[in-house]
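Structures are listed in the sections that come next.
Below, chain A partners chain B and then partners chain C, in two separate complexes.
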Partner chain A sequence: MAVQGAVASRSGLRSALPLLAPAYLWLTVAIFLPLSAMVFFSFMTDLPLSGKAWAFTLGNYAAFFSQSLYLTLLLASLRLGLEVTLWCIVIGYPAAYVLAKVLKGRSREAIFLLVILPFWSNGLVRIFSWAMVLREGGILDTALNAVLPFKINIDLMYSYPAVIIGLVHSYVPYMVLTCYLTLQAIDDSLIEAGRSLGATRLQVLKRVIIPLSMPGLVAGAALIFVPVVGSFMEPRILGGRTGTFYGTVIEDQFVAVFNWPLGAALSFILLAVVLVILAIASPVLRRAT
Partner chain B sequence: MAGVQVSNVSRSFGAHKALDDVSIDFADGGFYALLGPSGSGKTTLLRQIAGFDFPDSGRISIGGESVERVPVEKRRIGMVFQNYALFPNMSVADNVAFGLSVRGEAKVVIATEVQRALDLVQLGTLGARRPHQLSGGQRQRVALARAIVTKPRVLLLDEPLGALDKALRVDMQIELKRIQREIGITTIFVTHDQEEALTMSDRVGILRDGRLVQEGPPEEIYDRPKTEFAATFLGDANIFRGDSTGNGIRLPDGTAIEAGAGPTLAAGAKASCAVRPERIGIATDTGAPDTTNDNVLKGQVSKRIFAGNNSTYFVERAGQTLKVIVQNTGADRLAEGQEVVLRWSPESTVLLPAG
Partner chain C sequence: MRLPKLTALLTATAVFTTALTLAAGAADVHVLNWKGYGADEPWAVAAFEKVTGNKVVNDFFNSEQEMLTKIRTNPGLYDVVMINAAFNDQAMAEKLIQPIDVSKLSNYANISPDKAGSPMLKHEGKVYGVPWVWGLTALAINEKSFDKPPTSIAEMWDPAHKGRVIIRDDAVEAVQFGAIATGQNINDIKDMEAVKAKLTSLMPQIKTFWSSENDWNQMVASNQIDIGTYWSGSADRAKTHFKLPVSLVIPQEGAVAWLDAFSIPAGSKNVEGAQAFINWMIDPKFYVEWVTKVGAPVSANTKAVEALPEDAFNRKVMGDPEVAKRIQFQAPITDAQREAYLALWQQLKVDVK
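Take a look at the complex of A and B:
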């Protein structure tokens, strides 16, 4: 039986090969090769392309540990990732619930479109339009002062909240989509069964709906947390001086300082940290799902 | 435990009248079947009693307490869903414990009650399993245990056996009935399966287009249907249509059929008669004159279906196909094409108003 099973799975793999090949070929060419080059660079003293002499070194990795700045920035970025992820859950989960369980037909499609819209707009346009809203004398400031009887001064530009707002705006659709998919798969009769057993709506939410939609929450959180920790565009434009994070430092190495080896090394340290975090979290998350 | 009174309940969805002035009294401790074709309003009525949906007008009371605006979680009902609706994220025991646990019962109490409920449905050893590891019949039992463990006032069942195969269904019918007797709970059971309604319930309510057509003990509805719909929906019936003679009808060809049951109708009005297929005797036409006061019709066998313990004959007569069911007694069987005489007593004939 076991042998037969193995044979069957092997022949299954063979017939699946033509289907897998394009994806793996693409991954090899487009991701693996450049990434390997980056791993290589991260162990060099200088770029070979510039014509200068170079040698292998561990110095770029040592730099991370010798200067506390990098660690501080990494922790700040992790905190940013955590906060943005939490805000995306707080904002995205209820929206996904309403989309999946309350709205039907046309109104669902319309709201869905509004949720997806940020995806379809250019990232830079998105960020700069937030800049218009958040700065002093900007749209939010003017609008609030027009409505409120007293004078208030709203200048969120170049602040930590501005970075959070920009990132949450960019990433909340991921949370809505992943949660929507798992919530929609929950049969309405489960909710009704819970209530027929005397549970309030809140108890049904806590004991049935949230546990069953955990896979969506986890997938959304992973999709958001990882890129936010390495983000640089929103922190730089909306955060200004306060917007120095791990991601912006990496970006600086590549576009301003032209220290590609250090940038690459910092990137791989981030990758390693993220993988370690996911590995530590995965047993907990697997139990939760 | 408590009886349920539904009084003049109406509920519309847009222009569609799902329930139209329905009144039923569900006696305390009774087993009640709501029977009807799909779209008849039987599930809508069950959802009103459960509290998932509120009536537009009318009253619903459980144990004498008015509940028509009380939300489902406060009604103290137990419900079994068609798809069982077990929580896939919980074990069997946790599923059963859910109702007690949201109520804040002590852990010890919960454990004993859950075990007792699982024993009652004969699943005492499967508490640690997950719902997806159970068979359809076992899931059904878990759903039942979960619904009764909270000691609800009423047990509501929404086509609970619909997803089971035939043999398992019959087992579960017996099992369900046993459990219901054992705990003596008022039970309302929605089904579109007339056999299920007949075999399981003390009383049956037949619904059609949101209205209650007839309700009563299954024997009464079967023997004394009040409308053609009730006669044909609960069991099989031969329907003759003609003009009322007061205590029977006259068919268009002049043949009189005498009815021993049903209302007295004004002579001359349109009316019909219903006769159950197993009440009709069938014999070869010998041409002998009739000396009894039985109803007699002549016809020709067009088809015979042999089903082991009985045979069904389809007899053509004046453009109408009549159905006759005969027990297999070992006597001679009639061949297709044979001229036959059908004969049945007026007591087996129910006069019905036209419609």
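Take a look at the complex of A and C:
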């Protein structure tokens, strides 16, 4: 990549401009402008459209530090992000490996379709289906009790595990897809070479496959971690009284009390924290890749 | 092809939006209300359009704050807006709504005097809101879980119902509910610590928080809850329309009452149509049909309530003078109070995690 970048000359850039312009124009209009407006709002005492007097303030950012609840929730959300990412790796990576290296032809296409299927359904539909499965007297509870000789009571709904299950289900396809792409690019002869030189299967996995597929793992982890930390819909619906997270508090500021400045400030603090985490992690990850 | 400049694009968008606004004919009545709350019932809209020749265009909001922002940012777009009486003051002070000529509303004379004369809706002798319906935020029970309906709010704290209690995820409602449970005035809470302590001890009882009628009804349908806070109109709908084992309990300690009213935004282009629509909404004929077909809160129009059967819940229970003594009507809340309530509510939710 770096070599290509160095080769690209000025004329190359100019000819690329018409191709880039629509994307950049779109980014400017749809992302940069609203985001700048939000940065602006986060420093205001009140929204200008409410017709009230407003002034610039740092109070919204100070609010984060003056109350312990925001920090508590932010830590809870970061923990949630880590746990969900971890489960996505545990579930998604082996699946991606099987897809890339074991299955071929038709069966690969069929399994691939199953992996992508959740993407085609609406997020709310997925969550509400989980609600039907997880609740007491729900599908899981009824099915297990029909099979098992003894009576068990499964009521996972409105709990922390329910939030994890819902989020992992929503995000595991990202992990499968990114890992699949890097795993598939690994030349089979490398694995064969490792094996023929006396490495065990585990050693091949540790020394060849995982290092070579690291970019996919890292990309998948970042794609999952960032949105999960800010998630609010899944915790609210599946978490019940334990479902209060940083994302739900931000949503409250926008929807319930219409305090956009505070909501915006809390969002940017989250953005900053996530960027710092990614920045700290990047040297480690770069070495790993 | 030259790419359009950003300013050109924005101007074009603005012109387009204005054109759209102007294209809305004078015979349109733009109504802003909660979704599924009477004014958008297809049968009611169709009947109104047939009689008056006005076309109804419904728009919705999800919170009072959103409603205020919509009328602030779209002056002249809406002709009728439904405002909770507690927010009427604020809307009037910001000059968002105009005085209503009630002589044009034939049904206005039948509005019960205590509602029509509410200081929240009348300012300097001018009417800024026409009372439409009122209701309660009280308790509702799953009939399967009780042999005899409870009478006290303390039932919510009964360990027998641990994990089977539900309350709405709304800071103001939760705090006012706490005020009633601690015997305080909901509009003048003196001892906030007591409210906090009371709600803290309630949190472990709670299964989840509800935010829509559908949540509540599903929890009862799958027999997951015993008792919870609920709106009177919704409990009525759950029972009559969805045939669920739900009944409303107005605890002896009291309940929170609210009054919803229609207003005409300043700059409305079809005041006549707006008046006709409001009059239609407070008409006994519409109300009876609404109650029978869908289930509704209590009409502010005494004639409309009298048109209900003798034993109708909205007439028998809600009209009971004993009930009237117990309930407390919500007064306006300042933004600072609302934010303080939310902070308290969020703290409670974090502490229970």
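In this section, the second predicted complex is superposed on the first by the 281 of 289 C-alpha atoms of A that agree within 3 Å, B and C clash if a C-alpha of one lies under 4 Å from a C-alpha of the other, contacts with A are read in each partner's own complex, and residues count from 1 in each chain.
Rule of thumb we're sticking to: contacts are C-beta pairs under 8 Å (C-beta built on N, C-alpha and C of every residue); 3 or more make two chains touch, one makes a residue touch a chain.
Everything quoted here is computed from the prediction, not taken from an experiment.
**Student:** Since both structures carry chain A, what do chain B and chain C do when superposed there: clash or fit?
**Tutor:** The answer is fit.
**Student:** On the A-aligned overlay, A:Gly194 touches which partner chain: chain B = first, chain C = second, or both, or neither?
**Tutor:** Touch partner of A:Gly194: chain B, not chain C.
**Student:** Taking the superposition as given, does A:Ala76 touch the first partner, chain B, the second, chain C, both, or neither?
**Tutor:** second
**Student:** Which of the two, chain B or chain C, is in touch with more residues of chain A?
**Tutor:** Looking at chain A, the partner in contact with more of its residues is C.
**Student:** Touch test for A:Thr57: chain B only (first), chain C only (second), both, or neither?
**Tutor:** After superposing on A, A:Thr57 lies clear of both chain B and chain C.
**Student:** Of the two partner chains, chain B (first) and chain C (second), which one does A:Asn145 touch, if any: first, second, both, or neither?
**Tutor:** A:Asn145: touches no partner chain.
**Student:** Touch test for A:Ser129: chain B only (first), chain C only (second), both, or neither?
**Tutor:** After superposition on chain A, A:Ser129 lies in contact with neither partner.
**Student:** Kindly classify A:Arg207 by the partners it touches after superposition: chain B alone (first), chain C alone (second), both, or neither?
**Tutor:** Only chain B; A:Arg207 stays clear of chain C.
**Student:** State whether A:Gly137 touches chain B only (first), chain C only (second), both chains, or neither.
**Tutor:** The answer is second: A:Gly137 touches chain C but not chain B.
**Student:** With the C-alpha centre of chain A at the apex, what angle separates the C-alpha centres of chain B and chain C, reported to the nearest 10°?
**Tutor:** 150
**Student:** What is the minimum C-alpha distance, in Å, between chain B and chain C after the two complexes are superposed on chain A?
**Tutor:** So the smallest C-alpha gap separating chain B from chain C comes to 43 Å.
**Student:** Name, in rising order, each residue of chain A that touches chain B in their complex.
**Tutor:** 187, 189-190, 192-200, 203, 207-208, 211-212
**Student:** Within the complex, which stretch of chain B touches chain A?
**Tutor:** Within the complex, chain B touches chain A at residues 50, 52, 71-74, 76-79, 81-83, 85-89, 98-99, 102-103, 146-147, 150, 156.
**Student:** Help me check something: in the complex, which residues belonging to chain C touch chain A?
**Tutor:** Touch residues, chain C against chain A: 3, 6, 9, 62-63, 65-66, 68-69, 72-73, 94, 169-171, 203, 206-209, 211, 222-224, 335, 338-339, 342-343, 346-347, 349-350, 352-353.
**Student:** Provide the residue numbers of chain A that touch chain C in the complex, in ascending order.
**Tutor:** Contact set of chain A toward chain C: 21-22, 25, 28-29, 47, 49-51, 67, 69, 72-73, 76, 135-138, 158, 236, 240-244, 249, 252, 255-259.
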